[in-house]
Every structure is written in structure tokens, then in C-alpha cells.
């Protein structure tokens, strides 16, 4: 046994040793290369978002490099896993900035991670695009290095509430949101939007991510005579809530936000999510040629329909490609200005245009309804208008 | 405290575990400066008696008076500064600590804990530590283990561990030492050493109460012997008297009086 | 009444997982932190058999329990057995089984991917009305099968030779070995039975809560809590603890605050432990000197 | 006599060389990513030192150390953000508040041992996290606090990784110094006695309850100080950074490094932090390997990595001894002739 | 039939046995007496394979058993009634007896032996459904003996069967030991109660500090003043 122990000890020392000795291996980039650092949760609770982001970005970079869509520039993505943990997110950002010496960063997805990443991109003066974080606070920091291709939650909330009050004529609604960064910001924005639209919020319930039983909260909504439930969270819980609402015999309208817009929602929710109304930035079934090309390629490569996070991440790469092509340099300040000046591009989720705080206001917000197991477009709103 | 007054007095102590009566109406008084032996067959309630005296077990009835004060519900650790210290039947040393540290724990109640001085590494802490170590070394010298002070307790032989426990109890500077089977597992020379030590302690003015099976040791060192059987006191007196007491012989050697256990 | 009906199914799941903790603690005296991941593995293997290979539900359940039981035995051999041979401190068992948990979780992620997988209920999803309660058929199935498994385990422990040997090892390791019981084998058996219980729990809840690679973490922790409340090592206690926790959770989120539900549950449990340091339903044994 | 003096001055030299090496790290390690990791290691090792005092010395295993870490982070961050308290005041307060939480959890934990104690500490950690998530008006909920100010002393602001390095390692050095003093003092000795045999300690006059509570308070205070620095260091703090997994991570560092030694804390945080970063090249398989390494270390190094120290020392001294006994043999043979 | 040759063993790092040699003859009661800490229990543990001696041999019907595991030793017909009884407290009396027969495959024989044990200890029959932990000390001792007998052993090792029992029960225990001998079983008895043990024994060994210092027939030793001296240390 002692032998095994010795062997193991020397192995461990070897591993640590190699790692310490190994020089920081910088990417072997030659010629004109734009290095893009990508931060997202590839393991842990929100792994499916991070892995979708990774696929879409890899695909976009391949397309751009093959088609020479960024002029002479080659795009090189470098992926890092933050495990959904802000401390890890900060570490890997540093790794990307210091070791890989990336020119820009796409990430992260959890708002808490994105905020942690922003501290370092701002310090280093490197532009950052988040394709996944919708929390309103991200673009309220006064940080000029951050851009967002996800739809700011406040736009989604007001679009939904306006639709509920003007089209459906609802008066009493409840919000039911995740007790995480995404859900908590959603709850706040929904309340504000409801007040503006003149709708009464009778119950403001929350749940912890990972919860399985939502009936107690649903019951209290039922008692208060709620006409609609606004969900803010991810698809697993949304499907469960819809299921349990049906179980309790509630037939009120359910609304949701882009975070849960995934084909998985229908797969898991089945009958129960039929008729649910969601905002999203992207519909795989759309007849928009950009969308169709993206969806076709994605499906060919990965066998699945892409989720909106993937579409936004994909667009972010095209925005970067366009920016670097225009200025023909990777100087961070110039790159930042170039991204800020993006205009006239036709992409999967709209025609991006950033406002002074970094939000993409050229984006389409799509109000969709689930019909026969698929999203159907109800109305498209362009944020900027 | 007058010479004749007992240092420890037990008045009608009873202790039951569930249905089992471990001690029943025990009266006992220990004269200061003497060695008092407690004997009895296994399961007679000797260790329970020690646990009741040191406060690890609370008696169901009865009172314990130590140096004129009733011990009542005083927790075990507050009985040590009053002058009580003990050893255990199955050695309970701090096995992964060195011998000196074990003995230093014995002095716990006699040294201050200068928290701030420890944190800032100032003089008082080191001075106290040095003083404490001197006392600990003296205790170890008494049991002849000074040379082993930096060994881990677990690496000592059984007999040596017993002696360390003894030194640890001494370090508590007690008036009364309770020794639970100190000679068990010792070889002949270690036993002789122990005998000598106990007599020395008595000469130095300590009071000793000990549980022991080794009659030779008891006969040679005890001033008084109390005999327990099935939780009751069946005899008490000077060793010679106890040695010849028929009840004691019957209980301790297992002679069942006239009733023979059947013949095979 | 409503809260009772609501707490029962989840309570049954907790009870199954808690049984696993207790069984292992009783026989081997250690905590197995990979218990929750046995639930996850069970659910995934069941999913693969049922959804991908088209086996029927009951068969998938049985095969999956069998496979995961083997995993449990493997864990016993690699972690507990090696550590016992070296008489390592028990904290190393905790670290070792945590290592196993991390491995399981990420192997599952690598094999089945990050997405949640649906698992259709074998008994349909049309709610049934019982009095003024609406319950899902799967809820009834969970309670029924869960209780059946618990009874089966009880039968195994009470009336079979190996089961009795397992209880004997739990009660007195030395005496059991004097009877000729192979205590090492008993440990393996305990790990296998625990893992199988966990796997069953996984397949039972899969139709309600879907299958995800990190589903084991939450359920594992709750099962541990239930086992502790019931008094670790106490089999009926673990069952009672599971149902107790299910009900407390149902009540706490309904009556007080859903966000603080777990916080309330944990506070109650710490208080319970304060009053009864070895669990609510423990059989107390006193240390003597 | 002379040689004795020489060796003692050599020993002194040792110390100075070590200090010089540590001080020069930020100039040698110019890659800020590595410096960032080194800084994180420093913060973690403070947390783990506290955990070692609690678990390794006193024998009370805690799986809720991230809870104390969180209390420290939020206390200090809120004091600085809401009351504009200077960093050092906030840090002291963080230590005190965390210690108070330590006492609060220690009291119900006094009667608990083994898995029951583990459960109570797990519960405590989760309660803290859930309060941070749900007490939105104060903690800003799950998104957490942003814009936690950088520490500043006499107008000099600690902002860069390099200046943080000096701040962190000054505190780590202080923390190690105090921890070593405690562990080698009467207090540390008493902690160990409680770990070895609580009943015997009680019988020797040790008020075990007070010491157990004290161990919790000290363990928590270390985590509190570390938390305070961590908040300023990362600028943001959210409940995501203080989960059960993080508590487990601290426990792993403690055990893998060797929880019965103060330096084990340092070794553990270095090993596991570097390991999880170094394995990144394996992408999604890295956590599998990480788990396997945890498992193997637990099996093959029961005393943790710091347990290798004595083995190595013994190995070296045995070589010396062998040589010496060889000399003895030669000697005696010569005599015999 | 059972022979220990110069057996030495350590317990927790300290050497407890310093070369114990003894012989047990079939159909007889052999007793080992000695003061506390003399190594009596350790000797039994070595025979049962719970402890592994580092020196010496243990022969059973001429076969070397020194390195076998407990399970094999029980299978070969050796059983021990441990000190402190060690019944399974949460199992019923009859389950405890079943555990005794754990290694046996002959159902009829087991049933027969069970009836025999109930006959030997009628009190066990009346309490057969009760949890063993709720029995009195004496009853538990009976159960421990009965459980050991259920394995149909050739030799029964008994460790301090009279410990902690009231005098009346002590007598009963020794009567039982005699009855077991009458059934043709061999008994190796470790006792502190020297007089009683020597009274029933055919042969006795006196153990002191891990070595056998005296041996002889029961009555020889009983009347040997040296025994009293050695044993009592007077």
C-alpha cells in the first residue's frame, strides 16, 4: 500500500509542479486576430445556459473566419467556466485578461457573475458584452465598458404589462419570481411596470431556485382572485409551476420572460404551458432569413433548437466582428467606441444599436404565445421606439 | 479544619441506572492525610462512586461534603479548583498530545489565561508558560518520566501512560487524589514504584482514595479500606481487619458461603 | 389536510434518502455524502432505460436500482474499505464521499448534458379528485411505492438472514463478527441497499421534477437533515424524519414565507437538536466512564 | 557554543530570506492573473486557519464556514458603503460580528457531536445565505452588493492586485502569528485536550463549554476578517459566493492541507485553489479529476499534505541516524579490535 | 483439542500477552483465572481471531488457526460469549438466537437446538418476543450463552460470565456451565471469580501479567495456597 501512496504523492507533486513551472501559455495567434474571452457557467446549476452560449459563439466565430466576414481579422474565442460562482468568474476573467490577453470579453450569464467580471474589465479597460444577464443593475453602474445584447428586463416587464392591460384588459395579477438575481430584479421591474399600467399586484411571491413545490404560493394567489401570474425565472421551475397551477385547477393566464424561453419549456411543461405568453428576443420559427440561417446551422451542428441566450451570444460575436472590421485595430478604447457606434447591422435578434448606458435598443422584443407546443409570434416591439 | 474532621464525606449516596442500582445508601468518610482503599469485585460500583464524587454523574439521593462544603450540583470542572483530582480506570490521556502538554492540562485551574498577552506575545504569557512548565516537569519527575516529556502520550507503554495520568492529576495540586485502579497492567517493578509514590504522597500531606484489585498493594499502603459489593458497603476498617472479614472473602474471592455451585 | 397531502409525497422521497444515510451510519458508522447523487444516477439510468431504450417503468426502476446498488458497493470498496484499512479519521470518509459526489455529478453532466430531461409519469398526469383535494396520480404512486419499498426494506431487515445480520452489525459490530457475520460484506450490503433506495427515490420523483445532473445536491442535503432529525442510525426514525421534514416544509412555505422556508426549516431543526441532541426519535445511549 | 550561535543566527537568516521572498512575489509574478490567485489563496487561508482552530484543534467539524465568511463580507461592505466607515474599522467590526455569530451557533452546538454538529453548522450556513438572498432592502438580494469601496489608509488607496497582495499577506502573516501563538499557548493546548477527550478535560478542571464557544468565536472571527478583505478585493459580493459548496470547499482545504496544523491551512488553500485552476485545460472533465484527487488524497494521506512534513523529516533524520549508527558500528568495531 | 503455544500479542501498541501456552481437552471445563489486566480477555480474543498474535501458534484439532478470520474460526466450531454479554439490544430474544445460528444451514438442527436452549433457559422462551435490551442482566447473560450455543459449537469460550450479576444469579450461571459440559461440550472459562471457577473446572490456568504461571486440576489449584497468593497478590 505504501507504494501506492508514494506513487500518488509523487503524481500529485508532479501535477502541481508542472503547473507551476509551465509558463503562462499565451495563445499562438499570428496575424490579425481578435481574441474574445468568453465567461459562462458550463458546469453547475445554470450549465445549460453556459454551454449554449459556448456553442453559439464557437459557431459564429467559425462562420466569420470561414467567410472572412471581419476582413483580415480572425476571431479567436477562449472559453472559461465560471461555475455560476462570482469569485470564480473574477478569477477566470483575470486569467483571460492577463494570460490569454484577450481584447474583449463576452460574459457572463448570472448577473452576480457579470457584475464581478465587470470590476475587472473596467479596471483593465477592456470592452465587455453580456449576452445573458438581463438584470437592470448591470447597466446602471455608470461603467462605460459594458454592453448588453440581452434584453434589459425593464423593457420586457413593461412590454408584458402593457400587453396585459391594453390587449387582455387584466386588472388583478400576481408575480411569482425566483429568489435569485434574475428573479428579484424581475419582481421589482414587474411591480413598477404594473403600477405604470394601472394593474393591481395582489400577491408577490418568490421561490428559491431548486424548489420543487410551488402549490402553497399558488394557493394564496388563487385565494386572492388573481387573473394572471407573471413568472420570472428559468424553464424548469416555470414548467413545474405551470403544472402545479393546472393541478390546482387554476386557469389564469401565465406570463413569462426570456429566461425561460426554451424548447425545453414545452417539452417539460407539455399541456400545462399551452397558452403561456412570453417575451423573448428570438423565435426559432421566425421567417426572418437571418434567424432561419442561424437556426438551420445550429440544428445541423448540435441537433437542438437554439435558445435565446445562444442567439444573443451569436449576435454579440457579429457585433464584435463588425466593430473590428471598421476600425482595423484591437486598441481597447477604439474597440469600445466602435461597439458603441454599431448601427445598420441586421442580425438574428434585431438591428443592434446601443444607448449611452450600453443597452441594445435596436433589439426586437417579441411577445409570443405557446400554441400546440411551439412559440407563436403575437407582437414584435422594437425597444428604441 | 481539625485533624479529626473528614476531608470527604458521603452521606447516603444512591445511584441508579434505569432499573439497575449501582450504589445504594453509601456512607463514607475519608480522613485527611490518609490513603483510603476501595475494593470490591467487578461491577460492585466502585467506578460509579468515583464518578459521583467528581461530578460526572449526579447521584439520585444523598450528599457529598468536601472540606466542609456540600458539592451539590457543582459541575466537574469546578470541583478541581476545590482540591479534587482523579485518574481513570481505562486511561483517558490526551493521546495525540505530548506528555508534558498532558500534564500541563492538569494545571489548568492554577494558571491564568492571559488572552491578550498570548495574542500579542508579551512577557506575562511566556512567563506563566515557563512557570507552568516547571511545575509540570516537577510532577513528571515525581513519577520518573521527565525524560519522556516530549513524546506523544500514545507512544508510551501502558504502565507509563498510567504514570502520566498520575502526574496529570498531581499537577492539579489537589488536596484529595482519586486513583482508579492505578496498578492495573503494571509490572512488578512499576508496581513497587507506584507503592513508593503513594506513600510519599501521604507523607507530603495528600489524601489519596484508590480503587485497586491488587491486594498486596492495598495491604501495604492503605490506612483504611472500604469494601463494596453490589452497590452496598459491606465492610470497612484497617487492612488486616478487612482481609480477615468473612463477608469480604466471600464477596471478593467468590466463595458463595455454604451454597456450592453444584458439582460436575 | 391540504398540507398533509402536499407534504406526503416529498416526505416519502426524503424518507427514502434518509433511510440510506441511516442504514450506512448504523452499520458502518460513517456519513455518505454521495447519497444524493445516487438519487440523480438512479433517475438518469431510469431515464435512459425508459425513454431512450423504451423499457417499461417498473423494469427500468428495478434495473436502475440494481445498477446504482453496484455503484454503492463500489463506493464502499473504494472509500470506506480503503479508509478503514488505514484507520483514517472519519472526516476523511466525508471528504472521500464528497469527492465521489463531485465525480458522479460531473460524469452525469458529461454523459447526459446540462439540460433537464422530462420523464413522463407512468400513471398519466390528469389530476384526481379525492374529496376536495386534487392530487396527481404520480403523487399517489410515490407514496405507495415509497411505502412499499420501506416495507420491503423492513421485511428484509426483519425476516431475512442477511437483513438480520445487517441489523446485528449495526447494533454490535464485535458481537456480530463473533456470530460469524462478515462485517465487511455487511458494509457493502448497507451501501448497496442505501444506493438502491436512493435510485428508487430518483425515479419516483423524476416525473414530477424532471431529471437534472445537479438534482442530487438539494435532495441529498434534505435527506441528511431528515435522517438526523430521526436520529441517525434509526431506521423507523429516518422514515418518520422524512415525513416530518416534508410536512414542515409544506407548512412553512404555506403559512409563513416561501423565501425563508428553508431557513425556517433549518432553524427548527437546530432548535430540535438543541433540545434533543441526537434527534427527535433517537434511542438514547449514555456514555459511561 | 559558537556553532550554536551560528545555527541560531542562521535560523534567523532563514526567516529574513522567507520574508524577502514573500515581499518580492509581486515583482516576480508579473502576471496579474497569478497574483490574483495568490491573493485569493491568502484570503482563503485566513478562513481555513479559523476552520483549523475550530475543527482540527478543538475537534468541532464545521460545514458552515462560508456563513461566517459571508457575515464578514457583508458587515464590512455595508459599514463602508452606508456609514463610510474606514476599512480597518469595518474589518474589526466584521471580525466582531462574525465572532458573535460564532457564539450564537456555538451555544446550540455545545451538546452536539459528530454528524449532529455537522448538520447544525450546515443549517447555519444555509440560513445565512438565505437571509442574504431574501433580505433585499439591506443586502440587495441575490444580485448582491456592488461597488464595495477599496481599502484606503492615510489617503493611500489599495486598489491594484499588487497593493492588495501586501495588504492581504500582511494580514495573513498577522493571522498566522496570532494563530500560532494561540495554538502553542495554554488556549491551544486546552482546545486539543477537548478534541482528544472532552470528559477527561472536564475532569481536569477545564470549562469545556467556554472553550468550545471560544473556538467557534475565533474560527468565525478569522473568516470575518477574510470576508472583509474579500469584499473590498472583489468589489462585489453576492450570496452565490457563499454556498454550501463553498463551505465544503473550505473543509476540503482544511482536511487536505492537514487540519491539525496552522500551516496546513496555507498548504490546503494553495493546493486546492491552484489545482482547480490548473485543471482548467481539461475543460468539462476537470471537476471529475478534481473529485478523484479529493478522493485519493483522503484515502492515501490521512493526515493531509502537512502530514507529509514529519514523514519527510523522519526520512531525512533516519538517513542521518543510519549514517550515525553506521559510524557507531565502525567505532565499536574499532574498539573491539 | 485446542492448544495455544507461546502466544504473544499487543493491544493498542502495548504488549499484553508474553507467551501464553495452554491446552484445552475435549469434554472438559478449562478455566483461566487471574487478576484484572492479566491478559485473560486478550487470550480469548486471539483465539477468536479478533486480535492477531504477533508470535506463537493456535492449534485447533492440530490445525493452525493463527491467521484465520473470525468467520472461519466460528465455522470450525469455536464460539465465544463475550464479556459484558453484547446481546443485540434492539433485536428480540428469538432473533438473537437466530443470529447465533447465522452460519448454519441445517434448519432442523437449528430448530432442535433452539428448543434445547429454551429448555435450558425457560425464561428466554417466555420472553422470546421481547427486545433483548429490555432483559435484566442475568437474563441477558442467559441469552448470550444461549445465542452462542445456537452455533452448535464444539467449544464454548466464556468471558467473565458472572460479572455484574447478583450472587444468586452467579450460582445459576455456574450451574448452566456444568449443564453445558454434561451435554458433551467443551468449555474454556475466563473468570475473576476464582473459587467458583476452579470449583467447576477440570483444569485451571493462572495468568499473571500475560503469562501462564500455574496450572493444575481445579481442586488442586483450589487447595493450592500459591494460587491465592498469585491471584490475590497477597
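We call the chains A, B, C, D and E, going by the order they appear; numbering starts again at 1 in every chain.
Everything below uses one rule, namely that a residue touches a chain if its C-beta (ideal position, glycine included) is under 8 Å from a C-beta of that chain, and two chains touch if they have at least 3 such contacts.
Since the structure is predicted, the reported quantities are computational estimates derived from the model, not experimental observations.
Taking each chain's centre as the mean of its CA atoms, B is the chain most distant from subunit C. Two chain pairs, B-D and A-D, are compared here, and A-D has more C-beta pairs in contact (counted per touch definition above). The chain with its CA mean position farthest from that of subunit D is E. One simple way to say how far apart two chains are is to compare their mean CA positions; for subunit A and subunit B this gives 72 Å. We define each chain's centre as the mean of its Cα atoms; on that basis subunit A and subunit C are separated by 35 Å. Separation between the centroids of subunit B and subunit E, computed from CA atoms only, is 32 Å. In subunit A, the positions touching at least two other chains are 42-43, 179, 206, 208.
In subunit C, the residues touching two or more other chains are 86, 106, 109, 259, 262, 289.
The set of subunit E residues that touch two or more partner chains is empty. Contacts from subunit B toward subunit E in the complex involve residues 19-20, 41-43, 154-155, 157-158, 181, 184-185, 187-188, 213-217, 219, 230, 243, 253-256, 259-264.
Interface residues of subunit C, counted against subunit E in their complex, comprise 161, 164-165, 167-168, 171-172, 174-182, 283.
Against subunit D, the residues of subunit B that register as touching in their complex are 54, 56, 75-81, 85-86, 88, 92-97, 101, 104-106, 108-109, 111, 113, 115, 118-119, 121, 125, 128-129, 132, 168-169, 172.
Remark: subunit E residues 48, 50, 70-71, 74-75, 79-80, 82, 86-91, 95, 98-100, 102-103, 147, 151 touch subunit C in the complex. Those residues of subunit D that touch subunit B in the shared complex are 177-178, 181-182, 185-187, 189-190, 192-193, 196-197, 199-208, 260.
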